[in-house]
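In what follows, chain A forms one complex with chain B and a second complex with chain C.
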Partner chain A sequence: MSLLKSKAPRIREKRLDTLNAWLGSAESSIRELSGEETFQRIRTFSQSSQDDLLHALRLLAGVRESVVIIHAPRGCIAAGLYHKVASGAGRWIVTNLDQKDTIMGADRKLRKAVTGAYRQYRPEVIFIVSGPVAAINNDDIQAVVDELHEELELPIVPVYVTGFASRNAVTGYDTALHAILKHIVGTRGDGQGTTKVNLLSVVEHPDDRVESERILALLGVELNVLPDGASATTFRLAAGARFSFSLDQDSENYLGVILRDEYGVPYVEQPRPIGLGATGRWLVSAGKALGREDVALAVHEQQSEQVRRSLGDFSLAGLRVYLALSPATAFAVADLVSEFGGEVVGVTVGHLGKLQVSQLESLARRYPSLQVHVADGQPFEELNIVRRLAPDLYIGDAAHIGQAARLGIPVVSLENVPVLGYAGVTGLVRRITAALKNRSFAESLAGIRTPYRDAWLRRSPNWHIKKEVK
Partner chain B sequence: MSEKRGKHIAIYGKGGIGKSTTTSNISAALAEAGYRVIQIGCDPKSDSTTILRGGNDLPTVLDTLREQTKVKIEDISAVGFGGVLCIEAGGPVPGVGCAGRGINAAVELLQDLKVFEEYKPDFVLYDVLGDVVCGGFAVPIRDGIAERAFVVTSSDFMAVFAANNLFKAINKYAPSGGARLGGVIANSIQHPYSRPLIDDFAGHAGVPVVGYVPRSITVAQSELYGKTVIEALPDSEQAGVYRNLARYIDENKDSVIPKPLNGPELKKWARTWGDRIFQVETGVVEKMESI
Partner chain C sequence: MSNHIDGSRNSCALHGALQLIEAIDGAVPVIHSNAGCGMQHFLGVNRSNAFGCPFGGPPVSSSNISEKHVVFGGSSRLREQLKNTVKVVDGELYFIVSGCSTEMVGDDIPAMAKEGREQDFPVIYANTPGFRGGVHHGYQLAVRALVEQLPDLLKEKRTPVKGLVNVLGIVPQQDPFWAGNLEEIGRLLEGIGLEPNLLLGYGQGVDGWHRVPEASLNIVVSVWGDAGARLLEERYGTPFLRLEGLPVGSAAGGLLRAVSDRLGLDSGLAEHVIQTQETRLRRQLGSLADAYFRAGFQREFALVGESAQVVGLSDFLTRTLGLLPRTLVITDDPPEESRASLEQSLALLVEEFGSEVFFTEDHAEISAVLRSGNAGLVLGSALEEQVAEELGAAFMRVSFPLGERVVIDRGYAGYRGASSLLEDLGTLLLSSATRKFNTVS
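On to the complex of A and B.
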């Protein structure tokens, strides 16, 4: 049966055994994820977490000439606002569901929003994203889609987000991609043939996009980049591309898998090109798929040599590093740290599943006791771990670095920072060097008390993570 | 629908109308004819499959989900008469939660457990409470789960009213990929006017009546033994009625989009029948002439 037949994809927990709560060594993490059955963990105390609505809206904001209608009560626009601020992209409308709508259904309001959005913006595609209310009362979005799709003659794509079905917010990417493929690309075999290669880019820094496209252009390949910055035509073209190529194995996974399984487009998966080694492997794998491996090797040799020269004697030897990033970035940055002789002592990632096993295996060989912490929005747990590990350097997103800095640890923020390719290595090394040299920032913050009592911090870091035994 | 998936059929009707009895007897008759059958009770009362299982207890899907997170098919199913795989969706504790979402969650779980792929049924019958067609209860007919629906009704006006509501739901969802109507099953036929009344209503809504099930003591008797009529009294006339219904469902692929009556039309139609029945009862008209 076609995977696209259902309204929404299977949630990450079911599709990839993805965990959102876990603390263990790299080796025990592999055992957990490679066993016959992966047991979900629950938190008995949780501080905050993102949900799939946020991720779905983030992805859709990147689709060109589109309008997003958030079919939900007005509070749900907070999710839209977040991305408006974060990316500055996307146009959206909220249907402002009220008490009466939850009882009587809100198809009239939705119809009005769709026709209003169409008249005002003349988009190429309109997305209708449901929120928890529509998911609970089963509001009839499909009827509006069917009716207006013909009348307005443009794709109207229902994106069935619940906000509660999955504990892993990344499911929102899958849900949005499922809807796009189902309603824009259509059934198997509809894709037009093209010599282009799909570059799967979900949420990348603009400079990272430029750098990855620059490197691949050196192989003489024409790219069809999606979903970020893509139009409806880009998606249709994707179904007939030569192959799909990775930029972020985790975020893009559903897109690569469906293009492969439903439309027969081979999916070349490769860890993110962060660090010289990983960039080389990434480039060579693209070269292999194109039959231009020798060109890729030559390009890598030339480009990496330039970078090496610019780095001088930069080294992380003897330094213990902690990472708190998205899974694909965290494991790729771990490679970079290792490349420069550093030791990764721990990582905090928002989720962890079968997709990360091979990278975990490679890490576990180098650092068997590496601590793997899976948490989205749990600063207390992370603080507890980082205090115990006392790393020499902390690399993380904006949400994480503040409290690490208050422990007196030099921090490097990767929030809104390009990291990919050869340019990424140079930039990242410059930031790390600056953080290690200028320690006064962290030292002056070191005296600030944490918001947690000592009794709390004496508890084991996984005190609140419990195995679901039922 | 692919053949591997089997035929998925939803049977709706007002509560207490004999829907579960009818569904169970159809399941039993299909199983007796050699088909692999799954019957899924989609009613918080969770008594759909009782007479297929000899009255034994069966934990519902939602009760099991409440108690444990890893659910296996063995935990929530029982094999009943003729090998029918019996499943009860169940519901929340009365007075709390949302039963409609419960049905949604139960069906999703069955899909996750790959029950249909592994059991490879020829027929899956969903026995759905049809008093209230809120979004949740319409799940089996609106999300492409069942391809055909049958509506059970008696000649009582409230049962006809519920059937008409179900027609509205089918009429709404069928054009966007929801189930179409296979027909009406006329149940508890006991008065002379019952059959013509249901025929007339079905005619107005443009739907076929696919079978007439007379009210029979054999049904009550079999239920007291915790069995279907097919099992308890296989040679009875009533068993033949259920076998005919099963045969119809098996052999006939026809389906329609019903044209439900609107409020005033239904009221007017009902009044006409009230007058006709009154005339017969009071002897104004003899020998059912008004009917």
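On to the complex of A and C.
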């Protein structure tokens, strides 16, 4: 049966044994994920984190000429306000479910919101995103979609996130991509005959997209970039592309796999092009797929030489670095740190599953006893760990970075910072240099208390992580 | 039936309660809901104002319920979360707030709070699902919880303070200038010999809330303080003085006079304070006059914001500064019964000018009324920037969400606030006048 038959994809926990709570050495992490059965862990104390709804909204914010209707009570759209204010992204409407709607259902309200949005904005596509309340009530969104799809003659795409079915927010990317594939891309064989290559760009920084497009253009390839900045046409073209190419193996996974398995578009996977070595390997793998490996090698030599000259004698030798990043970025930045002679002393990743095993293995070869911490937005654990390790530099991308900075350690934030390709290396080195050259802001923050009791900071950091009892 | 909202700025009740709790030193919110509810709050509220939250990140305690809790109930998960929050997070008061899912499932939140109290944890709770209303409703629910439940936590009786007055009705973050506005109101009240109990902001802790019943007067500066003030009147017989909006400039003098009158204070002192402040303000206006005439300050303006802001700012801009209110949009959805008096007082700002007053929080609707009003000066939130640009109007961020404007302790209330407003608005009008001049030549 086609994987796209279902309303939503299988959650990451089930599809890829993905964990969102874990603390253990790199080696034990590999054992846990490679064995017969992976045991899910839960927390007996937890802090606010991302969820599938938020990730779906973030992804949909990047789709052009679209309107997002959130079928939920009013607060579920707060993140949309942030995207709108911070980057001008998206048009956001909330159906504003009230108490009565939670009992009686509210498909009439949803219908009104969809037709209203259509009249107001004349978009190319309307997304209906369900929130927890609609999920619990089991509101019949599909009926509204079927009815209005005919009437309005535009794709209306239901995105069935729940906010509670998965503990891994990344499931929200999968769910949004599933919906796009199912309702926009169409059936196998559509869009055949293009010479374009899909570049899978899921919630990347706009400058990163520009940089990767620039580099790949040097190979003379025409790109079809999705889902970031994509329109309905882009999605339709995707099903007939020559192959799909990676920017982030974790976020894009579902898109690459389904385009391959359901539409026959080969998926060329490669770790993120962060740092000179990884960018070279990434470019060469694209070159190979295009039959232009020699061009790729020449381009890399020329581009990396330029970067090397601009970096001068930059080095991380003797520096102990802590990384708290999303998985694909974390492993790639770990490579970059090693490339410049630094030592990674610990990592926190938002989640960890089967997808990450090969990268874990290469990390374990370099740092066998390295502690791997899996947590999305659990700074109470992270601060506990980082405080013990006392690294010289902390590189992170989470919303709680301001809290981590209270430990008085120089901090570099990669949230909303371009990191990919040759331009990414230069930019990243400039930020690291600045953070290490003048540490006074870290020292200014060091006087502020963290929100935690000293007794907690003395406790073992995995105290609240337990095996889930089924 | 509630309608759908385009580009909502009033978030939900849970977020409103969090806004209040985060503004009290030593109070720790314990969210019983989905993992993302607190993050939505952080992104959509804290970050949308660019001056984040005292904890340095998203909410520090959240039960992050999963499917199992939706199916079988999540009370036991809350029990575990609460017990561990007290051990992990430093605080003087743990405040449970619930979200939609746990309310739909029917988790017994009061019982969990009671259990916590029985173990001597300082715990209170409020049921704050988003399907019950927006941030302002959440603010009211949290105030009610504090008033009703805090007395149970108080161990020893303390001596009442003479001349204590509470200030109610300012919703943190939703009024982006909340901290500065409160401090200025406090400064002025101190000037006439009172002890202001500001309750929120720097140095305002749980103890201030314990002292709420001891006040001789509650000063309510927006419609959102009404419910709390009535509750306190009912419980403790505390009278309250209600303003229609923030007192900006001379209106602050009016507030001091009214308070002094109400409490039977020496009117000489109040008059002296008011006179000093008024003289200072007149002097500032005198020095600004040259720029005022040179840059043509006297424009028609549109103002989009909370009712208290719209009333307070437009009062100063029209009655002191001579500007003309074209379009006034009130976004905080005030209760039906308060609308007539708001509308009336705003329509009368400049007689027979024909100001238009709208009540809406819908972004598409707000853009439409701004377009049809076509004022040359737009004061609003980051969401209004685009339409202001479209109209070629000078634009200033004064209401939530501010987006790319950092406000720490700046305020527009009181006399100092009036000076700040003159600085900010003057800078904008001067630079827009210069820009226009340059494009002409």
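Here, the second predicted complex is superposed on the first by the 456 of 470 C-alpha atoms of A that agree within 3 Å, B and C clash if a C-alpha of one lies under 4 Å from a C-alpha of the other, contacts with A are read in each partner's own complex, and residues count from 1 in each chain.
Everything below uses one rule, namely that a residue touches a chain if its C-beta (ideal position, glycine included) is under 8 Å from a C-beta of that chain, and two chains touch if they have at least 3 such contacts.
All values reported here derive from a predicted model rather than from experimental measurement.
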item: Superposed partners chain B and chain C on chain A - clash or fit; value: fit
item: First (chain B), second (chain C), both or neither touched by A:R10; value: first
item: Which superposed partner A:E37 touches (first chain B, second chain C, both, neither); value: first
item: Which superposed partner A:S29 touches (first chain B, second chain C, both, neither); value: neither
item: Contacts of A:I136 with chain B and chain C, given as first, second, both or neither; value: both
item: Partner chain(s) touched by A:T348 [first = chain B, second = chain C, both, neither]; value: neither
item: First (chain B), second (chain C), both or neither touched by A:D146; value: first
item: If touched residues of chain A are counted for chain B and for chain C, the larger one; value: C
item: First, second, both or neither for A:D51, with chain B first and chain C second; value: second
item: Spatial angle chain C-chain A-chain B, Cα centroids [nearest 10 degrees]; value: 90
item: Lowest C-alpha to C-alpha distance for chain C against chain B (Å); value: 6
item: Chain B and chain C footprints on chain A, overlapping residues; value: 136-137
item: Residues on chain B engaged by chain A in the complex (per definition of touch); value: 2, 5, 67-70, 98, 100-101, 104, 112, 134-136, 138-139, 142-144, 172-173, 175-177
item: Partner chain B, residues of chain A touching it in the complex; value: 1, 5, 7, 10, 14, 37, 39-40, 105, 136-140, 142-143, 145-146, 468, 470
item: Complex interface listing, chain A residues touching chain C; value: 42-54, 69, 72-82, 84-86, 91-102, 109, 112-113, 116-117, 120, 131-133, 136-137, 162-165, 167, 169, 377, 379-380, 398-403, 405-406, 448-453, 455-456, 464
item: Interface residues, chain C side, partner chain A - complex; value: 1-15, 28, 31, 34-45, 47-48, 52, 55-67, 69-70, 80-81, 84-85, 87-90, 99-101, 104-105, 129-132, 134, 364, 382-383, 401, 403
